[in-house]
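Which chain is which? They are A, B, C and D, in the order written, and residues in each are numbered from 1.
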């Protein structure tokens, strides 16, 4: 155990949750499968080395609401995704998933261009059957596909199209969860601002 | 407002949540989209007349956990589904969704036979495109398809196969949420008991 | 177990909590020891037969907030108080405690007069030493003292002056918790309205 | 705003809450007025510069439970107490209050001796009337009295005897909340271990 690292992780996750719960517009970007936000130890090897939000972020009284507390091992999908992403760029320790629809996808693509961010799209219908069925094998495939689709770079945001029985999500990655939460909430505010204008 | 009806609704929903939160095995039957439990007023017309659990039921510390409180209007999908089901049988005021996989589907079919319950399966790939895309049109289709697949009877449990981008769920319906919760928890206990045996 | 009675108890307690949490002014009437609201079974004998709010009602984000859920056995002080009160009038099954200061005491006395409610004051410095020290003996003394001070009637509201080491509280009693909560919240709204006027 | 300091504060408070909520024995040391844990900024001047637990720590399902989240400005009493204590020793940024009874007082005195910790007792009946009545004036008096009673040193733990209308509490102070929480929980475990032995 590295006490300084843990204090930093608990601190940034708590502040990130305050940012998310304070952004009402983000309630509209929470997918049916709910959102998780993860933060990996610098030497993370398994999901137990990755902090996630227990019970994920859901919507209560019309606002984003963390169902439980940040905890090591609380995420499975997003934790395994960030572990894979870090094989390509170990500086990326955090990620957050959010809604996904064709209109938002177009918007995100332009937003990434305007910010100089890499954006990529993966088509989960291309995921081989033997990978879909093997527990835990989807995440390495998704990470690899997102990087390949971006010409070898790790995308800042990637979008996936849905497969049978799977709700697609968008994912934004970054170095730490406070900035990741601020970036996703900025997207929620701008996207809904524009739609209402 | 009918005070006696509301007291009954708040009371049975609270007791149903205690049943669900007290059943650890149910944590394994919570789908990615999370579970909701609904209870409709006797004269329910819109989702505002149906009580649901705000933020749905998620998993915290390995146990089922209601993210918020029972509230009128808190459910959208399950509320609209029970409104449709009641057009065929108004005595059914409650429903709950849970996990769905081929192994569980077989098990549920046998369990329903043993209990003399009607069981049916709907194939969401058959859902017409114009219905999938129209906001709110899926639920009437699902209810109708589940009843048709049961030869005109309202099934006690129905199962759906997934469409692109949609996680499939199983649904159990009944007269009131306390018994519905007890029935779903009984399924969770038996199903996981048998798998471990 | 009497199912109908339990449904009524869970239902009214849930609705009463919604009333209390929706009344911001009540936050100012929550004493340091926090508030509890209790509801006794018709044949209550011990605190296990009385429903209370687990963790009491505290103040979060400036608003009244039930720390846990209504539960049989969750209250000790207020549960034992209502059990004693019911020896004089079994129709009274619910009670709630709240703040207490000399200004509020005067106001409550006038408010009770205006409503035709019995009001009484007890002086806890008169509580015999042997009763103070005996675990659980204070409540019978308090109930008796409140009734004596009201000339043999059960007061609708009673007020106590503090003893060494004990924060004094005011108590309002009634037949069921939904009306008790509405009455206490009405007091909070009127009292703070007048102070601000 | 000092970002590094805030991350440290949110992080240590979150970890301290996990320590407290994980210590069942501490439930018995929570006073009627409930417990708070505070952590002051290095340059704290008012309660808004001190982090506390919103809604305090209460008991739910028999276990210590933080009613809300750590927040700047969430504590009033304990925040003002630590601000006063820091005038004598600015390295002390955290404090936590807990139960208080004559048996525990004796035990704490011996425990402090064994640990080489300064312990002192203050008698709140000696608090001048004009201070008791002036909002916010009690804390400076308490801090001063606790230091005087310890011969000019800041005590590690101090105990107070109750005044009329005030529940007495014990207070433990330290440099940061994670160690403060661990020290209070160690006391809870040892004290209840010895009583049961």
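Here, a contact is a pair of C-beta atoms (placed from the backbone, for glycine too) under 8 Å apart; a residue touches a chain by one contact, two chains touch by 3 or more.
This is a predicted model, so every value here is computed, not measured.
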Which chains lie in contact with each of chain A and chain B? none
Any chain in contact with chain C as well as chain D: none
Relative to chain D, which chain's C-alpha centre is the most remote? B
Tell me the angle, as a multiple of 5 degrees, of the rotation that maps chain A onto chain D over the C-alpha atoms. 180
Once you find the CA centre of chain B and the CA centre of chain C, what distance in Å lies between them? 39
Averaged-CA centre spacing for the pair chain D and chain B, given as whole angstrom: 48
Among all residues of chain B, those touching at least two other chains are none
Could you list, by residue number, the parts of chain C that touch chain D in their complex? 32-34, 54-56, 58-61, 65, 67-68, 125, 161-168
Enumerate the contact residues on chain D facing chain A in the complex. 6-15, 18, 69-70, 178
